[in-house]
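Input: structures, listed below.
One chain, subunit A, links the two complexes that follow: it is found with subunit B in the first and with subunit C in the second.
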Partner chain A sequence: MAWWATSYRKATLLLFGLVLLAAGLLTVFDLRLASSQAITLTANQVIEPVPLDDPFAAVWNQASPVEIPLSAQEVTQPMGGGSARAVTARALVDEKRIYFLLEWEDATEDLSLASQEAFRDAAAIEFPSDGGQTLPSFCMGQTNAHVDIWQWKGDWQADIDRGFASVAETYPNAHVDLYPFRDDKTFYPGWAVGNPFSQRERVSPVESLVAGGFGTLTSADVQRVAGVGRWQDGRWRVLFVRELAVGDDDGVRFSLGGSTNVAFAVWDGSRGERDGQKSVSQFTDLRIGREAESGGISTGTWILIIALLSGLLAALVAASGWFILGRGRRSP
Partner chain B sequence: MTLSRACPERSRRSLPLNNVTDALPVRGRSVRDGVRMADRADAVWLGDGETLLRPILAALVAAGLTELLLLRMLSRVGVHIPKEGLVLEGYSLLTSLGSFAFNVATVLAPLSLVALTYLLTRSARVGPAALGIATLSGLLALLFWSLVLPLVGTGPEANIAFGMTSAGLLVLLAAPYWTNGEVALARRIAVGLMVAAFLCSAYYTLSNTAYHLLGWTGSPPYGLPILGLGEALVVATGFAVFWAWGSWRWLKEWRAHKMLLALPSIVAILLLGSYLANGSTSAILALWTTGLTLYLPLPLYLASFWLYLVTVSGCLGGGQRTYEGWALLLLLVAGYNLELTYQHLLAVVAVLVLTRGAALASASASGTAAIQQARAAEAL
Partner chain C sequence: MPKVPNWQLGREMDYPYERGKPQRQFAAVFNINRCIGCQTCTMACKSAWTFSEGQEFMWWNNVESKPYGGYPQFWDVKLLALLDEANPDGQVWDTSAKDAQNAPYGRYDGLTIFEAAKKAGARQQALGYLPSDKEWRAPNIYEDTSVSWSQGSSLPEHSTWFFYLQRICNHCSYPACLAACPRKAIYKRAEDGIVLIDQKRCRGYKKCVEQCPYKKPMFRSATRVSEKCIACYPRVEGKDALVDNEPMVTRCISACVGKIRLQGWIDDEKSPVYYLVRKEKVALPLYPQFGTEPNVYYIPPRWVPRPYLEQMFGPGVEDAIDRYSNPSEELLGVLQLFGSTQRLIFSYEITDEAAIGFDEKGREIVRVPIEEPVIVRPPQHLNIT
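Here is the complex of A and B:
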């Protein structure tokens, strides 16, 4: 057999051996020969203060908005939702805090959860609890990779802005002759034991939650997220704020120059959306601060890389031209 | 008989033929220039009638499909299903296999592009010289970026550079194909729809990134509508692919083509069943695996997907259009939203094989002929 035929077989075997070895090494060391090209939400660093009570403040013009497509939640019961087709996400960061602003279209302002047929508007942000080292399922995470969720609730916002809506506000025409102990916590078990849904005085319209799979969603022990939501001209703007530095057990950790992942969800109360019936996104890359934008590479390094690439391209173009034109001349 | 078989001399310098796999690879050509050392060396690379490209592409398709099924689908669905004991071990094993297949595919994807680029440089000139040079430069730039980005990390500048290179390359590959009157209209339309869909997806991603990089506030115009338009084009591509590489005879004479239709039908029925049975797990799977949101009526997706799979089955089953079958499978693995550099490479490899197959075949033929003549000389 000719040497080149034998060499071909050897070359093929050697090549696939090397491919498998390379893939094995990548697997063992948990490396990837691919990088993300997905859309990225960047929290731009700002110096001027970000108003905590005005989601329409001019400082948000410094943020880079990203339009995130949403779809109905179709993984677990109760399925449905999907009335919001997209949410525009913005993020800012300063030395102390990180801010997220969600904006989406909603024809109605739904702030009540007091009656059985009423559902509130809401919005949520989700992060991998470990900061993105393991990317969990965006549907409430998984057992080995939990998620942190910040949910802004329209009714909680109304409780803060207008005061707690009791039965009298919800059903103004209802009448009772006598309602004993109406202000005694003893007779309101939920209120008495601290059920967050039963509280009458709220500090923040945002609830911080943790989850590790379906059916595990739990209110976090420490509530550190503030926020405000405002409805204007058929659009919601909801602001979420949290301090950058928190304790190990106080929620997801962010750092200037770092990156993680973020997903979003929106509920439209007037369309009966609640619980799992919502519009959801997949995880999107989140970069925090200007330093993160170049993946840690300085501008000088980038200039060097681009210069090298340009030189390489020029050489390749010249070589390709010589090769193609040369072949053209050789061909009879 | 294809043009290349009828007239090998012309095929070395002419535009691509209609039926790519009729010509790639080609056996039994006459050798005009005799056996040269250069051709012998090529033969080592190109192999005995089958280029090294063939096993690389076959392995890439196998690894890509494995990672699609085990990593992107099974691992993401299975994580929500309670498991213990043997089931848990089996699940862990399969997801590890999926992760390994992903790594194999990410290594093979640039290798495929290297092999294709090499063959393209050996092939006859396709279209204007400037276009050929630009295409080769684009291929090499894409290779460079795909290998550098995982090492240095990504940022908006890098993502734009890579995305622009990828999108520009797809246009460069498709442009001569669209304008080539020798290529069947259906195939030109099919490739046009594929590339247009990718461009819609690229517009959404790159315009958002560019806005951020330039510090512009607001959202790029028509971002989401164009993303939705691209999804509609993906659906249309399924029908166009069947028109281009399939045959109505397969459906009319379905009894004679039962084997060809069986697997695509089973897959389509499974998808429909999962959609009807447990409330559209298929919808979220489509989003995870391909980036499709399924906003159009489901029957459209099912019909398009079924025809696409029938075409793949027909291409691979007959053995006549293996490369097209592989290219279509690679497109499927790449998906609509190209979220990884690896997925970009798959899309480019697929479009390259679909549009430049005949040109590559002529390069393959020279190596094949060389080794055959050498064997004949050895036998004498």
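Here is the complex of A and C:
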């Protein structure tokens, strides 16, 4: 065998090995991507309608899920959270609306905060508010750079599904003779002053909020985010939906082909989580549209496919090279 | 964390905010010795403020039987246990370090609920807990239950005893409820130091319910926000035409049948409340060691064993009972002003014959004789059937 033929074979094997190694690394790398903050959530563009009432709809197979690691909030009082370790985020976009789907594990479905000790499950998405010169802190923003937050709440979902829980429903054995002025808001100050928590007619289980630092969180004047949350077999799936085109003061703006940042938070009611006591992520990139054509295959998967394909190509080249050389040697 | 002065503890302490001194501070003195446990105050408050859905369990004013009772159940025992857990056997006073203005009871060398939370590495501002529904169920559980039973009792300490503790929000100078709220939805009014929960900003976190050591904020499920005693601020502001829009005492204070309550300002030397607390030192704060500088003061019951009273009202107990049992002319006079008028007494004068109360502008609003005249019923009106 000619010296160059042997080294050619060696080189082919080496190439093979390298490709396999690279593919393996990339697979691992794909996982590591999710645990660092260099994750990108892409809102894939879809043509089929996205149902507004079903977070399990098949169209979500066209989204590219990313796993976002969460950790306990340890920055300011009150601290806590940490029970939800990760949330899987998906996003879709069509001509009119943008959709987010959050999915996380939670052993209990906590829908009520009616009693003195109860708390509800909740989840939220956070974006830098428009017009900010500086990227806000993912921790509730700051004075000169606000954040928009959309929070879905288990009790608001129950209000929509079953109506605003009355005391009689919460405490079926309680007896009350009479409530004077029963329907007069004066005697329900939270209701009378327009606190969103006290309102009995709910349109959406999702509240739009703005914050510019700790303690400044305020319900937005314009509420435009719809959604639905469903708990099944120890997992929540919560859908958030908003129109792409909104007025100047109606909250964060999204444009097809554009990008921004997004952060996530999850509260576990049965562990007493509320306010700052929650599991949070940092800001991640959010890309809207375009990459959609990938049809549901994630970037990581693409890298893997390309790696395998090039591996196959290399193998073919090597095999044909060996064949040609072999034939050439046998000939007189 | 900023350091703030706490005269009740005779030292500075940690508090999440700087001292914000109101123009004047709402305060009241409750004379435990006179209370008959009728709950008229409790009903006065309920019928004014908490008769609607979601408030069924709410008693912004309640009267509980000590030592066993509590609303919510065992609230004080639980708090004391938490403090002791954070700082075992450390809740002690140095009574030699007295100073009339800044340390009238000596110096507290233990930890407050704010300091204990810090020491325990708690992930919240103050030590606390969230009472369960069950613990809120009765405003006077163990009503009239006394310790032991014996044949007869005599002063100075009865061997069989219980007493009534009348409780409203203390409108603390360093409210733990306010410190606990991460939204700053609780505020202390600059004009009178009354502590209120902003019904619009509250998001129902129940942080105030958890961290008020006196357990006076309560969560209302019908509006999903917390509510608490408002010190009847519309009355204190003088919004009631019934008394010519002049400042009026709260519902629970004016309704008291036993005339055990007197309202005033803790930081105005002319106020009878200032006299009772700061000058005569006959009225004491409830659990001053918690560190919130509460503004409802109590004349301790004179028949109760002193160690029990001291863990509840601090080391000023012995002196307070002594002065109450051997009252000066002025004290006797001021005691007549309790429950004497619906109007708020800003200043007073004690003469040989009468105790006189004045309004803010110095106009006389009430005159009570020091000694009631003896009137003998003439024979034709004898009450014999």
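To be clear about the criterion, the second predicted complex is superposed on the first by the 250 of 332 C-alpha atoms of A that agree within 3 Å, B and C clash if a C-alpha of one lies under 4 Å from a C-alpha of the other, contacts with A are read in each partner's own complex, and residues count from 1 in each chain.
Note that a contact is a pair of C-beta atoms (placed from the backbone, for glycine too) under 8 Å apart; a residue touches a chain by one contact, two chains touch by 3 or more.
From a predicted model like this one, the values you see are computed outputs, not experimental measurements.
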| item | value |
| --- | --- |
| Subunit B versus subunit C as contact partner of A:Phe214, first or second or both or neither | both |
| Which superposed partner A:Val46 touches (first subunit B, second subunit C, both, neither) | neither |
| A:Leu256 touches, of subunit B and subunit C: first, second, both or neither? | neither |
| When both partners are placed on the shared chain, which of subunit B and subunit C touches more of subunit A | B |
| Which superposed partner A:Thr88 touches (first subunit B, second subunit C, both, neither) | first |
| First, second, both or neither for A:Gln77, with subunit B first and subunit C second | both |
| Which of subunit B and subunit C A:Leu244 touches, first, second, both or neither | neither |
| Partner chain in contact with A:Leu135 - subunit B first, subunit C second, else both or neither | neither |
| Touching partner for A:Asn61 - first (subunit B), second (subunit C), both, neither | first |
| Residues of subunit A at both interfaces, subunit B in one complex, subunit C in the other | 76-77, 79, 214 |
| Touching residues (chain side subunit A, partner subunit C) in the complex | 76-80, 113-117, 119, 155, 165-167, 170, 174, 176, 179-182, 187-195, 197-198, 214-215, 217, 272, 274-277 |
| Partner subunit B, residues of subunit A touching it in the complex | 2, 4-5, 7-8, 11-12, 15-16, 19-20, 22-24, 26-27, 31-40, 42, 61-67, 69, 71-72, 74-77, 79, 85-86, 88, 137, 139, 142-143, 213-214, 282, 292-297, 301-302, 305-306, 309, 312-313, 316-317, 320-321, 323-325, 327-328, 331 |
| Contact set on subunit B toward subunit A in their complex | 12-13, 40-41, 43-45, 47-48, 52, 55-56, 59, 76, 79-80, 96, 99-100, 102-104, 106-108, 110-111, 121, 124-125, 129, 132-133, 136-137, 140-141, 144, 146-150, 152-159, 161-163, 204-205, 208-209, 211-213, 215-220, 223-224, 227, 279-281, 283-284, 287-288, 293-295, 337-344, 371, 374-375, 378 |
| Subunit C to subunit A touching residues, read off their complex | 16, 51-54, 56, 123-125, 130-133, 136, 180, 182-184, 199-200, 202-207, 209, 218-225, 227 |
